[in-house]
Amino acid sequence: MSFKPVSNIKFFNVTSPAPFVVHVEINRPEKLNAFYEPMWVELKRIFEQLSTDPEVRCILISGAGDRAFTAGLDVQEAAKSGSPLSADGGDGKSDPSRQATNIRRHVFELQDVISAVARCEKPTIALLHGYTYGLGIDLSSACDIRFAESSTNFSVKEVDIGIAADVGTLSRLPKVVGGITSWVKEVTLSARPFSAEEALRHGFVSRVVKGKANLINEGLDFAKYLASKSPVAVQGTKNILDAAWGRTVEDNLNYTAVWNAAMVQSSDVTRAILSGLQKRTPTFEKL
Amino acid sequence: MSFKPVSNIKFFNVTSPAPFVVHVEINRPEKLNAFYEPMWVELKRIFEQLSTDPEVRCILISGAGDRAFTAGLDVQEAAKSGSPLSADGGDGKSDPSRQATNIRRHVFELQDVISAVARCEKPTIALLHGYTYGLGIDLSSACDIRFAESSTNFSVKEVDIGIAADVGTLSRLPKVVGGITSWVKEVTLSARPFSAEEALRHGFVSRVVKGKANLINEGLDFAKYLASKSPVAVQGTKNILDAAWGRTVEDNLNYTAVWNAAMVQSSDVTRAILSGLQKRTPTFEKL
Amino acid sequence: MSFKPVSNIKFFNVTSPAPFVVHVEINRPEKLNAFYEPMWVELKRIFEQLSTDPEVRCILISGAGDRAFTAGLDVQEAAKSGSPLSADGGDGKSDPSRQATNIRRHVFELQDVISAVARCEKPTIALLHGYTYGLGIDLSSACDIRFAESSTNFSVKEVDIGIAADVGTLSRLPKVVGGITSWVKEVTLSARPFSAEEALRHGFVSRVVKGKANLINEGLDFAKYLASKSPVAVQGTKNILDAAWGRTVEDNLNYTAVWNAAMVQSSDVTRAILSGLQKRTPTFEKL
Amino acid sequence: MSFKPVSNIKFFNVTSPAPFVVHVEINRPEKLNAFYEPMWVELKRIFEQLSTDPEVRCILISGAGDRAFTAGLDVQEAAKSGSPLSADGGDGKSDPSRQATNIRRHVFELQDVISAVARCEKPTIALLHGYTYGLGIDLSSACDIRFAESSTNFSVKEVDIGIAADVGTLSRLPKVVGGITSWVKEVTLSARPFSAEEALRHGFVSRVVKGKANLINEGLDFAKYLASKSPVAVQGTKNILDAAWGRTVEDNLNYTAVWNAAMVQSSDVTRAILSGLQKRTPTFEKL
Amino acid sequence: MSFKPVSNIKFFNVTSPAPFVVHVEINRPEKLNAFYEPMWVELKRIFEQLSTDPEVRCILISGAGDRAFTAGLDVQEAAKSGSPLSADGGDGKSDPSRQATNIRRHVFELQDVISAVARCEKPTIALLHGYTYGLGIDLSSACDIRFAESSTNFSVKEVDIGIAADVGTLSRLPKVVGGITSWVKEVTLSARPFSAEEALRHGFVSRVVKGKANLINEGLDFAKYLASKSPVAVQGTKNILDAAWGRTVEDNLNYTAVWNAAMVQSSDVTRAILSGLQKRTPTFEKL
Amino acid sequence: MSFKPVSNIKFFNVTSPAPFVVHVEINRPEKLNAFYEPMWVELKRIFEQLSTDPEVRCILISGAGDRAFTAGLDVQEAAKSGSPLSADGGDGKSDPSRQATNIRRHVFELQDVISAVARCEKPTIALLHGYTYGLGIDLSSACDIRFAESSTNFSVKEVDIGIAADVGTLSRLPKVVGGITSWVKEVTLSARPFSAEEALRHGFVSRVVKGKANLINEGLDFAKYLASKSPVAVQGTKNILDAAWGRTVEDNLNYTAVWNAAMVQSSDVTRAILSGLQKRTPTFEKL
């Protein structure tokens, strides 16, 4: 059996390269995988569906083609009249308070797409390569794990279009690179590009791999490794760890105990322990 | 004079290798210093007592023998019938809600042991070596400082027994390595082993030392250095710094001012300043 | 046109080495730029004024002379009778609760100076060199970006005068180096000196430059680069990023959307996007 | 012009009794307006659509018929095999951890329905009458204002079906009645019924009206009054006030300033002030 | 079968007036039930044991004799030399920072006693009468429900001994009376006495009963009513509701779903629903 | 001796009607005590100075004349060209993002005035009478205690000038009336006037007194009562209680212990206890 296909998807390839592993590929290579309206809608649907599909235990995300994970927002589309970033703010006649309301609603919609990735119950691995600009940072910051190809070209690009990044980067970078360091301020305030090596040194990615094919393989190997583990344990770990951010240790300890009160009753525990004692590979029920 | 011995301790060696320095050694080397019920009870008593003993200014923790700091939970003991991780969840007859209640209470008890280490008023230095698995991460994450022997074998092992780590690792790792980085997710979601060098690179330990004897010496030297400083200043720094996590800068600044309102009235201030101006080594009253 | 000079300043040189860039130099080199009462007052006034001056887009801070960014608190001044750190706590006759009240008020005043730097709407870059002790850490932790000269001598010095650092270091270090790591505890609990290379490795500074003149140039180049970007975008990024600390991702996402509801209506957006499409250098209205 | 009808709604009457006012009536009177699956879906769609319809400035909610606002969950439907509250928990074969996962996902879905009411940008007024049990409390606690008919029969009924209320009551009651008072604990721990007079005394409702027709009229009058005010001001007040809960005064003040930075630029301000000075009734642009 | 007696208790009568109901009576009537050191120790042991005794579903607390629930701290004992409130602060020789450390540790110990009452898993009902001063407010604020005899004489008395209440009143009053109202400030800042009627009006108690015997009966009746309900539902409601304070609605909703994921699997649900449908009185397994 | 006069005050009468009691009277009765720019500046200076004057233990605030405590913002002044509420938003030429920046800075300045009242270390009592509109609610919500004359006419008036109240009301009302009740939403969303009796019933004021002279007397009597108590205890109670809002009980308990570690060392404790035992009236050192 395999994962349930997501219907009516045009801009993403969603495949299963191994049992329990799904690969989501952003597929608009002729535009450097840049995002515009209809892609948002698909992205959200994909992750909402994969989140609870019992045949899915790990999700890889990459970009089609060699040139870009994603160049970010498709600025030409965004600058068209009627859009929130256009010269008339989507509505040249309104007063600034009404325009602000339109913009706020629009930003919430986009944030909710990226948050659908962050909320996904299954672990997600972003495989970054080529141009990884703007939305590429927002999107990969919402993933659990980031590996990069060695020539990846990163930029928190939003400052270069005159705005503070508002789809998730500024809220999640402090969490995924650890703090609001001098380096975080450097790259977010200035939009200056940075390299894979820099991303590794500052903890934004945990591995750098030479060549896109090798990158995909490295991601796939790790995904298969994760998929072999107890899904109850893996998904619980993800949930509890994410809940730690912006909250106290004491609150998180209590939350952890309440979470595990149900989850330790899993058949995975017996299976994992027995397999460990007997040096066997365990199999686990679906989740 | 010396620190007050902790009574009725079987599984730990508690000694004072230097004035104001105490060394707590986990002492069950034949089982790789793995933990089971009676050891928890002792560990908590030890740290609660050392916390307020005025003869103690710094505490070192290590494992007896060369093979392990601790291999973690003694899974064979934990899997015995009647325990929360056994096949019958400690009580095969109860419905899941009542079993959940048993488990929750049990997790709180174990968390409270590790939290007794975290709450200890005196700085604590974990000296990690050999197998440092599962509980070894929980325990050392509750310490202030971590040094490792160069061949230490680390693993956030809980996923391999089918559970999310619930005794402290997931709540404290984001604090002690800085954020919920790609690397943190890698090692917690997968339980894959990692090396001392990796631990150093990602900030989990601040020093790597070759050879266990050298590790103990490095720890002891730093402990003696800490013990020579104003205990009012050192213990206040620990308290205020830990209070910063999960709270805003503004709240922590206010807390700091309230704390120091009492503590700056210390005789340590005059003694430290005068010694500094006169290039002498200060001595400080007990705390 | 240029920035509005800050009146009646004795202990700081405030100059504009490039359009929209201001350089604040601590100017008491004969005392290693150590701080005492009148300097606090000036420092606060300077940053409060620069914060809203539309001619200012980036601020550099360094110390006059080659020997020190700042050696920290001028302990000899602080130890004089009548001051909170003196032997009589500023008032030998009061009971400890009243003395505590005096100290608390005094600490709030000093914290407020450093917080004026942190609250400054414009990005700030600390250029660290020579002795960077005590207050030097408090002050630079309140800046956005830190570069260091390669021979800088750092110390969280407060423990050596018998107190826990209370002007900001303990509240902001977890934010700027990412977490309360083993290394953070090492250097804050012990006051041991650390090098520029160590500061770089642990993320306290993002660049190390050989020679003070080169350091100033590196800072100036980056400041000019920042000053060329949309001030609406840059200052919004700073505000939103700082608001992320100690709060949840969800709260920060909402805050970001509300912030951008007004700020995306900026003429900077059109100017930046058009310039980008047309490969021109944009200019932006003042802010 | 009038509000945009919500399509395909069976269980609710959605009408506009006055300009800018919408009335949502729960319409399953033969079952005391008790909720089951298909009604949740409709309720969420209704409020998501009304939230941003510029023709809507205030929403009334009541129940069809005289007997009940809503008797709460339709327990007979909920107890059917396959549902989370059935004897087999929706899946008799799964282990408790997988069953817990099913339940958690289901609860999130239901919470999200009620949260759609709470998130609605427009003010909502619950008009309570007859049986107002279980979900009736969850739903009305998510509204801004509550009026009750004098013979309303209230109960936080969940304890009587063996569960802690999990769709919102326990999270929002402390906010809407002010604290976790002795009375709140009385009625939530015991599920004992309480009267309209008691609800008024403890602040759960702000008005008690005799007779359902009068209740509807009182609600309508207040809705019309609200609808005559600046929608920018009213909706901003709702947003800022709700953001105050569980956060500090300092954080809320900052949030308010950021919100109003855009919203004070509204044409409503000039219109409202001029009308006030000229003793005229202002009209406002849509929002 | 009945609850397990708490061993070695001298200052409290602990009895079971009805199945699943325990009555804890403070028993030092000759001193108006004023507290001193050995009573704290007993109080904590009692509540820690009752918290998890499956034979206990509700706990009543009252004072022996007619004159006082408790007059609070036994000031004569507290003022004895060597105690933290004595003229020598427990240690006339120490400097203020060391004395502060002693006091802080002592306050934590006392707070922990009252917090043991607040943490008790079972609902607690304080029956207040006669003098209910100082500690009487701290203690009853940590209970879930408060009833008062009509002539009860209340006072947040601590200001009259020169201190801010530090054992829990100031932290829990905002939660149990709803906010930091004008009335809360009146009675806490001034220590002025207030009546049962005033306590009722401001929500501190939810019922006022004439005569101590009637008060006890009213409490017992409500305790029996609570004890007849699903213990899984009642205790879950208590836990979730208390977790709402100082946290956001969103966080509490998530916590609730996680809690109920285990607890809705209870046999109580089926029993409660079936009994409801069949108009029978359910019985529930122990918890 | 008496309190130190505040220099250069035109719009307020600041007098001392009794030892340690100061009366601040808003003095622009010809304009119903409405506020405009120069009054803000004075108000802040007054409260910052009184906050630490050791001759001040309690502060009363009222309005000159019989007609108004304050009618709120002087809308005619605010609507003048160049002000943030004027038709040109203070700067008709700027784009909305720059105008937003102006407005935000201006709101922060006004908020800071009201926050100076809230931060005042000494207890404050607002005596409300006549028109108490808009700013009258902001200002009195920042006080500790509120008494009202029986014919006071209240309104959270901001909605009537097209804005959400942004100087403090929305942030502090939930704290001072307990929650975000149906009544709070009624009066803040609609700006409908409410009476003293309503204010009393919903806890906004704690006393209603007939006649302004009687109101002043009632306030003065209570102020004198407060001034007779230990200032260490009273001011500590205020500080700790305010710190409880938006934070957890556990955090507040810890903060309380740290606060009292210094403050319990006060001579007030001995004086208060001895006076109590000896039935004498204590006197206390200045604070």
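By letter and in written order, the chains are A, B, C, D, E and F; residue numbering begins at 1 in each of them.
As a convention for this text, a residue touches a chain if its C-beta (ideal position, glycine included) is under 8 Å from a C-beta of that chain, and two chains touch if they have at least 3 such contacts.
In this text, all values refer to a predicted model and were calculated from it rather than measured experimentally.
The chains in contact with subunit C as well as with subunit D are A, B, E, F.
Simply put, of C-E and A-B, more C-beta pairs touch at A-B. The mean-CA centres of subunit D and subunit F are about 33 angstrom from one another, to the nearest whole unit.
Among the residues of subunit F, those in touch with two or more other chains are 96, 99-101, 174-175, 177-179, 203, 232, 245-248, 251, 258-259, 261-266, 268.
Chain contact summary for the complex, subunit B toward subunit C: residues 123, 144-147, 174-179, 203-206, 222, 225-226, 229-230, 232-234, 236-242, 244-249, 251-253, 256-266, 268-273, 276-277, 284. Residues 96, 99-100, 248, 250-251 of subunit F are the ones touching subunit A in the complex.
Chain contact summary for the complex, subunit D toward subunit A: residues 52, 94-98, 100-101, 105, 232, 262-268, 285-287. Of all the residues in subunit D, the ones that touch subunit E in their complex are 75-76, 78-79, 84-85, 87, 89, 96, 99-101, 103-104, 107-108, 111, 115, 118, 158-166, 168, 170-175, 177-186, 188-192, 202-203, 245-247. On the side of subunit C, the complex with subunit D involves touching residues 243, 247, 251, 254-255, 258-259, 261-262, 265.
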